[in-house]
Structure formats: structure tokens, C-alpha cells
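Multiple structures follow.
Two complexes, one shared chain (subunit A), two partners (subunit B, subunit C).
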Partner chain A sequence: MAEVRLSEVNKVYEGRGQQVHAVRDLDLVVEDGEFVSIVGPSGCGKSTTLRMIVGLEQATSGQILFDGDMVNDLDPQERNVAMAFENYALYPNFSAEENIGFPLEARGIPKQERRRRVHELAELLQIGNILHQHPNTLSGGQKQRVSLARALIREPAAFILDEVLGHVDGHLRFQMLFDLKRLHQSLDSTMIFVTHDQMEAIALSDRIAVLHQGRLVQSGTRDELYDTPATRFVADFIGEPPTNFFDARFVEEGGEETLRADDLALRPTAETAARLRSRDDRRYVVGIRPQNLLCTPRAGTISFDATIDIHEYLGERSILTLRRGGLSFQALASAEGSWAADEPITLHYRPEDIMVFDAESEALIA
Partner chain B sequence: MAVSTGEGPTRGGTDYTVSAATIRHWQDDELPEWFKKKRGSTRSLIVNRWVPRVMVGVPIAVLLFIVAYPTVQMAYYAFHDINMVSLFKGDYGLIGFTNFERVLTSDRFHGSVIHLIQYLFFGAVLQVVIGTALALILHHCVRNNAARLVILVILVMPMMLPPSIVGVLWRFLFNPSNGAINQALLDIGLIQAHIEWFQIGVSLWTITIADIWEWTSLPFLIVFSGRLGLPPSIYEAARVDGASPFLTLRRITLPMLKEVIAIAFIIRFMDAYKFVDKVYVMTSGGPAQSSELPAYIAYQRGVREFEIGEAAAYAWIIFLFAIILITLFLRYLKRVLRAQAIA
Partner chain C sequence: MSVKHYKLVRLLLLIFLGVWLVLIMFPFYFQIITSLKDVAEVNRIEPTFWPEVFVLENYSAIWNEPGNFKSLVDSFIIATCNTILSLFFGTLAGYALARFPRQSGGENVAMWILSNRMFPPVAVLLPMFFLFEELFGTTDTHMALIILYLVFNMPLAVWLMMVFFRDVPRELEEAAYVDGHKPFKVFFTITLPLVGPGMVAVAMLCWIFSWNEYLFANMFIGTDVKTFPVVIPSFTSGSQTLWNLVMAFSLVAMIPPVVLFIILRRYMVRGLSLGVVKG
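Right, the complex of A and B next:
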């Protein structure tokens, strides 16, 4: 297992006179044995990053280092990383078993041994019963698991997994998340896991790296991303349901400094207010997570009124979509309460939970 | 007014209670024109059921006329004692299998079968082998599309010449006394004396070389386009899996091109059975019938010597062999395709 380090990596795809700058100045360190997830919306450069680590794509500039050795010029064969592809890339002329065993075949491992290891892994991924089938006859989720198995069968420097759970049903996905985590712990392996499902990232990783338009916006533990998102984008992306944002102005009203968005006035902490006061800007973006809009008052909370628009009952909890004047936002409520559409509700928040972002750069201010 | 999607909240599922203000349907003017038009249209996409029947029926009728009818007619001739004389006199009779017997027991036929086998192995098979190798090498070594195209065009050029012209050309090149090939071999010192390219035992090889020159580009083209059709992603997977180029070739490329290569074989084998042109132009089957192939004898007997009955028997024998071989090939193809669940 190895430490993977990307240093100032750029990737520019050259098309017919068109350039796509897919990855910009990416610095990322994945420690030996660490499980790092790369998350971000579609097209943000996740797969491109992985392909550069694996060696399928040449970095336009910057360095890729495994355990301190630069591997930029090495072929994928020489890098010894295992990858599960987003589009499976299974060998159509092989059965599932041959597919999974192919990396071992390439390493000259005898047939008996190959069989044994393939069957062991297949049990774990619950594909033991489809090993004789050809990829054309497999369902999407089955293909995905075969492709995952093909990556996991080796003992590489690092595992690179590109959206490997996208087509697996919810129940099995939970199981596989659990198995992947266990596998990671028992192999003590470096894993880089790409997903656009933040729940998967949160469930699995030691650290999450958020990519946006080819840039690394923030990398850190789940709590770091959740509590102090570097930008509005991270605040929006991490957390379910997504954060509520309001365009607000920092004004003084009746001796109190408030952030005013339409007819909603949010009170920042004294510390935040002090920081905002020292800036020239008056316009900000204010974010507050639905989890932090409470239906019952607590110590130090401030309240405001709203009207319920939509009530989504999710079993354990409810998501309320609310309106106040022209604003629409969401709050999480316990499932016990009786919420009805068009009814008024009083919400409570703690000033500490208010996030303020710069309106221009969208970076976190406080 | 509240709208509920279910009877009541159910555990695990999502249940919505939505205020009326939130529900919004598409307004008519928000939908694009084509979308509305398509929905309003009642015109069926299914054409009159006679259209497909006619479209298939006409070619079948034409084929029946130009293929089935002559084949049957040929069978009729094959069982009759028919040649120029009897045709003019109008008194030819049914003679059963005599024509077939005559053909199958003749040394001339036996010789030509040996020649055919030699040609199949060293002509047709070699063409497919060389063509496949060339195609894979070109695909592997030349990545630039423009360069590929140029090489492709150059390699395909021989195939675009009329076969008889190719024969004439190579007859000149191989001319023992003043041909370019002997001269070149002498000049670079590979040989000391002129090679008699058209003597017994050599002339069929000479024809085969000319044929390889002309036709290797066909399997080359077929295999090259087949190789282009293989998904690049599995080659990426193979590289990541650590497969050497040779292992990739042996375990992935060739197995996946199996069907395509088989098709190239079928086409070249079909052509081998009707291979007449170069034999006729370069050696006329000689010397001493040493470069005759069955189809050439059929032509010789039928068109030159007017032994129509015997020529028809030749043709039928070739026809039957071709059918057997092609059937075997197609069987194999089907098996391969079924194994991969494509067909």
C-alpha cells in the first residue's frame, strides 16, 4: 500500500480547437491506508483525476507521486493500482469469473489459486451465482459488482473506485458500503473512492475531498466539511437535505445588527457581527442547515414564523418545505409532530449555526 | 387545501403533503411546439403491411431468376450427355451420374483439388493471417487518424485494380528472362541464376504470390474495421489490470475479433472456389495443367471446349463443397455469438 500525492496537477483536454480544463491546480494527499472520497457534481473532474492517478491519462502539468516516487511517466501496468471503472469496462468475451480473475491471470497466478480467490470474493459481493455468465447477460448492478470484484481481487498500491455503487439497490448498497469499509480496515489499504452521493462518502471515508469545476474546494473530515464548509458550494453539497441559502444584507435595525433577507431577519453572533462590521461589503449569502431550524425552542435560540408548504414524511423524520414572504426553505422536523400544509409554524435557530458567505467569492466568512 | 399522496403516513416510504399553492402544471405555452404536435398526431408509424412484403419480395424474385434458375438448369445439364455436337444435333439424353463419375475419377480433377488445397492454405489463409497482422499492427502503431487513412488507402490500392490486369502485370513482373522480380533478386544477390517462375511445380506459387498481393487488403480492411469497433474502455481496463500487450492480444483482441476474422475467411474461401482470373491470365492452367484449379477446369471444359454436361458437373461439385464449408463456418460463427449472448 502506498501514499498517493497529487501536486499542482492540471489536466487540459484538447479537442478540435476546444480546450477543456478538467482539473485545475489539484493538490491532494492520500495517506497510506487512508480512505479518501472525492465528491462533486457531474463533470467536475472526478474521473479525470482518477484516470491520471491510474495512468490512463497524462497530467498536463504537475506531479503524481506514489510513496514519494514520481509516476507521471509510468504506464498503468507499472503503477500497480487497481481501478473499478464507472462504465464497468468488463471484457465481453469472458465470463464473470474470468473477468474477475484476469488481473491475477496477468500476474501468472495458477488457475486453481485464481478460482479460489475469485470464489471467495464473489461470496463477499454476493455474485457467486452469476460467475459463469457473460457480461452481456448481467444486470447493471451485477456488472458493477463484477467490476468492483475485479479491482478488489488484487493487492495493489491503491484501490481506485469510480462510482462503484451507483447501480446497486439501496439495501445491497448499504451492505456493500459496510463490506467495503470492513475490507478497507482488514486490508489496511489506500482507497480513493469517487461518488456523487455524499452519503456514501460520509459513510466510508476518513477524509472527503470536494471538487467543483475542476478545483479542489475543500478536503477534510466529515465534521470539518459539515461545520465549516469552505464555500457556499460545499455547504450546499454536503448535508442532506441541502443547506438553505438567502441573499442577505448586513444592516442595523433598531440598534441590532442583523442579516436581512427579504422579510426574514437573522441575528448573527456578536463575533460574526464584529467580523462583518469590519468589511466594506454589505451584501452576503447566508446559509442555515435544515437540521438547524428547530421546531422547539432551546436555550439561546431565536425564533421566527413561517408557513408550511410541503410536508415530506420520511419515516424517521419529516422534511418541511416552508415559505415566508418570497423565501422558500426547508427544515427537518421529527416525525411525531403533526404537520399540515398551509399551517403556520414557529422555527428556532441558534445564531452559531448561521453561516455567512461572501456574495462574490462565495467563500465562508463566519 | 392539502393534497396527500397516500392514505396516511407509511413507515419507510415517502409521503407528501403539499400545499395547493405549490402544485403547478405545465402551462400550454411553456411546452415546445413539436412536443404538442407529436402528442396530438395520430398518424401511425406502421406502414401498410404490403410495403415490407414487396420490398423483400422483389429482390427475392430477382435472385430466384438469376441464381436459382441457372443452378437448376445446370443440374439438368449435369445429368445429360450434352456438348457442342449433341447440342446442335438436338439429341442429348439422360446419362445419370456419368458426368460426375467422369469428373471425380479423372486425374485432372484430383490434381486440381490438390492445387486448390495448396491455394487455400498458402493463398486464402495466408491472406487472412497477413491481413489480420497488418491491421492490428497499423492500429497499434499508428494513432494519428490522417496517417491511418493514408496507409489504409495505399494498402487497399491493389484491390481496386481489375483482377485480370493484376494477372497481366504480375506475368510481366515474373517474366523469367527480363522480368523485374528476377532482375531485382539478382541485383541484391539473393539468387545467382534466373528463376523459372512458370515451370511445373512453381507456377501455382507464382499465382499465389500475385493473389496475396492483390487480396491481402480485403481481410486487412475487415479486421481493421472490426478492431476499430472494439470498445477502448476494455483496453484501458486491461492496462490497469496489468496485462502485457501480448496477453491482451491473445486473450482479448483475437478472441473478440474471432467472428470478424471468420467472416474474412468465408469471403476469401468463397473467392477461392471461383478463382479463375489469374490462372487464366498468368498460366492458362499450365504448364501441363500444373496450376489448374477446379473452377478453371469448369471454365475450360464448358466455355472453351463446350463440354457443357461435364462443366456443369464440375460446377455442381464446387458448389456442394462450398456449401459444406460455408455451413461449417456459419455454424461456428453462430456458436461463438451464442456463447457471448450476442445472438
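Right, the complex of A and C next:
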């Protein structure tokens, strides 16, 4: 297992007369034994980053280091990383067993030993009964397990998992999330996991790196990303349902400093107000998570009224879509409450939960 | 659709297929019966649709000329060698065009290669003849036709193999690289087996073209080397055409491709639907 370090990595694709800067000045460290997820919307450069780590793509500039050794010029064969692909990429003319044993074959391990290790791993992944089958006879989940087994069979510097849950649905997905987590814990291995689904990233990772338009916007633990998102993009991307955003002005009303968005006046903490006061511009983007809009008052909360538009019942919780004046936003409520459309509701929030972003750069201010 | 309608449609379909079958099978039928008639009956103005006497000797008479059997052998040598070469070059070039379009010239080069197949062969018949004459001193060799047919078969092979290689997901090769295998090993163990059925199809097309080619064969060879399409017209003498022998010999010449098709068909159908990756 190894530490993987990316240092000022750039990737530029030369298209027909145009350049695409897929990854910009990426700095990222994945510690030995750490599980790091790279998340971001489609086209943010996460897969390109992954392919550069594996060696399927050449970095245009910058350094990729495994345990301090630069691997930029090494072929994938020489880098000793294992990868599981989004579409499984199982060799269709091989049986599951041959598929899993293929990486060992490259290392000249004798057939008997290969067999033994394949069967051992198959037990762990509960695919012992399908080893003789060919990939086209396997179900999606079985294929994914075989593909994981192929990545896990050797002891690589790092495991690279590219959207491995992308084609797995519903129930199986939870099982696979559990399996991955368990594997990481038992193998104590460096794992880099790429996904566009922040749920998967949050469930699995020690640390999450958020990519947006080829740049690393923020990397940190789940709590860091959740509580202090570096930009509006991160606040929007991490968390379900997504954060409510309002265009607001910082004004003084009746001796109180407030952030005013249309009809809604949100009260920042004294600390935040002080920070805003020291700035020249008055226009901001205010964000508050639906989880932080409460239906019952608590100590230190401030309240305002709204009207219920839509009530989505999700089992243990409900998502309420609300309106106040021209604003529309969402709140999470317990499912026990009797929520009906067009009824008034009083919401409560804590001033600490208000996130203020710069209107121009969208960076977090407070 | 009601059961009644369904039956009607089925009936119409069967009638249509029946008529079609008669239309396309009739020439074949006529060829067979003609090959069994005697010369007099063949040359009668009013045709007969069933031989009055069965002359099985026709099938031994076609071998009287000792070169005739050799012509089938020559045809087989030329077609097979040409197919192997077409497939060899087509596979390599097709792979390059499919996987490394930038380095190999991409779509433009691929299109240019295919366009080689588009000009009318007659246009280059004479230039080719003189070119080969100059280069090799003679055109009357197996090698002359083997090389010449590459002009027609290789573009087809390159183009088709390119398409087949494109259908093989790149991830499979990438996965094998990451697994630690060298490119050649990956090409032969992973990629090539997946385009195997495609290669069989290409081989059949190339082989049939070389087997049947008449125009260039007639011009280039005829003394030391003869292919069977050149031999067939030789059953025409000054005063009459021995149609019965022409038909008999043609029927014999049909056997190798038919046998080949039956053998190779198994490999073609198998694995065409691969189900390799989930899209």
C-alpha cells in the first residue's frame, strides 16, 4: 500500500483546433490506507484524474508520486495499481475464475497458486459458486463482484474504483457499499473512489475531494464539507436535499443587521455580521440547509413564517417545499407531522447555520 | 391482430416465399439438369426441363483436359493465400485505425483506403498488366494474382476490421494493461478473440472474391497458372459450346465455397452478441 500524491497536475486535451483543460493545477494527497472519494458532476475531470493516476492517461504537467516516487513516465503495467471499471470490463472470453486470476498470470504466479488465491477471495466476496461461469451469464451485481475481485486479487499500491456502483441499483447498492467499506477496513488499503453520487462518497470515505470544472474546490472530511463548504458549489453538491440559496443584501433594519432576501430577513451571528460589515460589497448569496430549517423551536432559534407548497413523504422524513413571497425553498420535517399544502408553517433556524457566500466568487465568507 | 388475420398473413408470406424460392432456385435447377444432358439435347432450340437420358459421364469428361483439376487447385491456392494476407494486413491496419486514429491518420486515411475499392477494376486493368510485366517479368504466376487481389480485398478487410475493433470496448484493453499485461499479450488474448467472428466474415468475403474473379485472371494468367473461371470458357469450341460440361464444371467449382461456408458459419454466429459490458 502506498501514499498517492498529485502535485500541480494538469491535463490538456488537444481537440480539433481547440484545447480542453480537463484538470487544472490539481494538488491531492491520499494517505497510505486512506479511503478518498473524488466527487463532482459529469465532466468535472474526476475520471481523467483517475486515469492519470492509473497511467492510462499522460499528465500534461505536474507530478504523480507513489510513496514519493514519481510514476509519471511509467506504463499502467509498471505502476502496480488495481482498477475496477464502471462498466466492469470483464474479459468476455474468460470464465469468472480466469478473469480474477488474470492479474496474477501477468506476475508469473503458477496455476495452482492462482487457483487457490482466486477461490479464497471468491469466498470473501461470496462468488464462489459462479467462478466457472462466463461474464455474459452473470447478473450486474455478480459482474461487479468479479470485477472487484480482479482488482483485489493482488496487493497493489492503490485501489482505484471508477464509478463502480454506477450500474448497480437500489438494494444491491447498499450491500456493495457495505462490502466496500468492509473490504477497506479489513485490507487497510489505499483506495481512491470516483463517483458522481455524493451519497456514496459520504458513506464510504475518510476524506472527500470535490472537483468542479477541472479544479479541486475542496477536500476534507464529510463534516468539514458539510459544515464549512469552501464554495457555494460544494454546499450545493454535498447534502441531500440540496442547500437553499437566496440572493441577499446585507442591510441594517431597525437597528438590527440582517441579510435580506426579498421578504425574508435572516439574522446572522454577531461574528458573521462583523465580518460582513468590514466588507465593501453589500450583495451576497445566503445558504441554509433544509435540515437546519426546523419546525419546532429550540434554544437560540429565530423563527419566520412560510406557506407549504408541496409535501413529499419519504418514510421516516418528509421534504417540505415552501414559499414566502417570491422565494421557494425546502425544509426537512419529521414524517409524523400533518403537513398539507397551502397551510402556514413557522420555521426556526439557528444563526450559526447560515452560510454566507460572496456573490461574485461564490467563496464562503462566514 | 386476430387469429384469422394472423393465419392470412402467414399464408401470404408462405406464398411469397414459395414464389421467390422458385425464382431463385430455377437457374440452379437448370444448371444441374443441364450438366446431366448430352450435347445434342443441350443444343436443342426447344429446351427440355428433364434430361431424356442421364449422362453422368459429363462429370468425368470435364477432367479429360489435365489442366482442369489443376485450375481448381490454383484457384484455391490464390484465394487462400490472398485471404490470409488480406486478413493479416487488414487486422493490423484496422486495429491501428480503430485504436490510434490520431497517429494512423484517422477517418481520412480509412476513407482513402476504402475508396481504393470503389474505382472500376477495368480502369486499371492495362496499367496493372504492364506494371506487373515490368516488375516481375511475367504475370503468369500465383504471386501476381495474390498481390493484385490485395488491391481489392485489403481495403475491405481494413475497413471491416476497423469497425469490428471499434466495437470492442477500450476498457477491456485498459483493464488488461492495469492488470499488468503487455500490449501484445493483451491484443492476442483479449482483443483478437473478440473480433474472431468478424475475421471469419472478412475471410469469407475475401476468399469468395478471389475464387470467383475472372477479369484480371483472364488477362494476367493462363499458361502456367490457370484459375477455374478462366477454364470454364474453354469448353466453348469454334462451332459449339459444351454447355453440359460448362454446367458440370461450374457445379464442381461451387463445392469448395459451399463447404467452406458450412464450416465457417459456426464460428461466425458464435459470439457475435458478446454482452461484454453494460452500457
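Basically, the second predicted complex is superposed on the first by the 340 of 366 C-alpha atoms of A that agree within 3 Å, B and C clash if a C-alpha of one lies under 4 Å from a C-alpha of the other, contacts with A are read in each partner's own complex, and residues count from 1 in each chain.
The rule is simple: a contact is a pair of C-beta atoms (placed from the backbone, for glycine too) under 8 Å apart; a residue touches a chain by one contact, two chains touch by 3 or more.
Treat the numbers as computed from the prediction; the structure is a model and nothing was measured.
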Check your understanding: Clash or fit: what happens to subunit B and subunit C when subunit A is overlaid?
Key -> clash
Practice item. Could you let me know whether more residues of subunit A are touched by subunit B or by subunit C? Key: B
Practice item. Go through the superposed model and pick first if A:92 touches only subunit B, second if only subunit C, both, or neither. Key: both
Practice item. Figure out whether A:140 sits in contact with subunit B (first) or subunit C (second), or with both, or with neither. Key: second
Exercise for review: Considering only the touch criterion stated at the top, classify A:150 as touching first (subunit B), second (subunit C), both, or neither.
Suggested key: both
Review point. So, A:312: does it touch subunit B (first), subunit C (second), both, or neither?
Key: first
Practice item. Please work out whether A:106 is in contact with subunit B alone, subunit C alone, both, or neither, and reply first, second, both or neither. Key: both
Exercise for review: With the two complexes superposed on chain A, say which partner A:13 touches: subunit B (first), subunit C (second), both, or neither.
Suggested key: neither
Review point. Just subunit B (first), just subunit C (second), both, or neither: which does A:339 touch?
Key: first
Exercise for review: Could you tell me if A:77 is touching subunit B, subunit C, both of them or neither one (first, second, both, neither)?
Suggested key: both
Exercise for review: Kindly classify A:167 by the partners it touches after superposition: subunit B alone (first), subunit C alone (second), both, or neither?
Suggested key: second
**Study point:** Segment of subunit B intruding into subunit C (one of 5-13, 41-49, 77-85 or 185-193)
**Key:** 77-85
Review point. Where on subunit A do the contacts from subunit B and from subunit C line up?
Key: 54-56, 75-77, 80-83, 85, 87, 89-93, 102-103, 105-107, 136, 150
Point to revise | subunit A residues within the subunit C interface of the complex | key: 54-56, 75-77, 80-83, 85, 87-93, 102-103, 105-107, 135-136, 140, 143, 150, 154, 167
Exercise for review: Please give the residue numbers of subunit A that touch subunit B in the complex, ascending.
Suggested key: 54-56, 75-77, 80-83, 85, 87, 89-93, 102-103, 105-107, 134, 136-137, 150, 307-315, 321, 335, 339-342
Revision key, fill the gap. Per the touch rule above, subunit B residues touching subunit A in the complex are 1-3, 9, 11-22, 231, 233-234, 236-244, 247, 251-252, 255-256, 339-342
Revision key, fill the gap. As the complex stands, subunit C meets subunit A at residues 169, 171-172, 174-182, 185, 190, 193-194, 271, 274-279
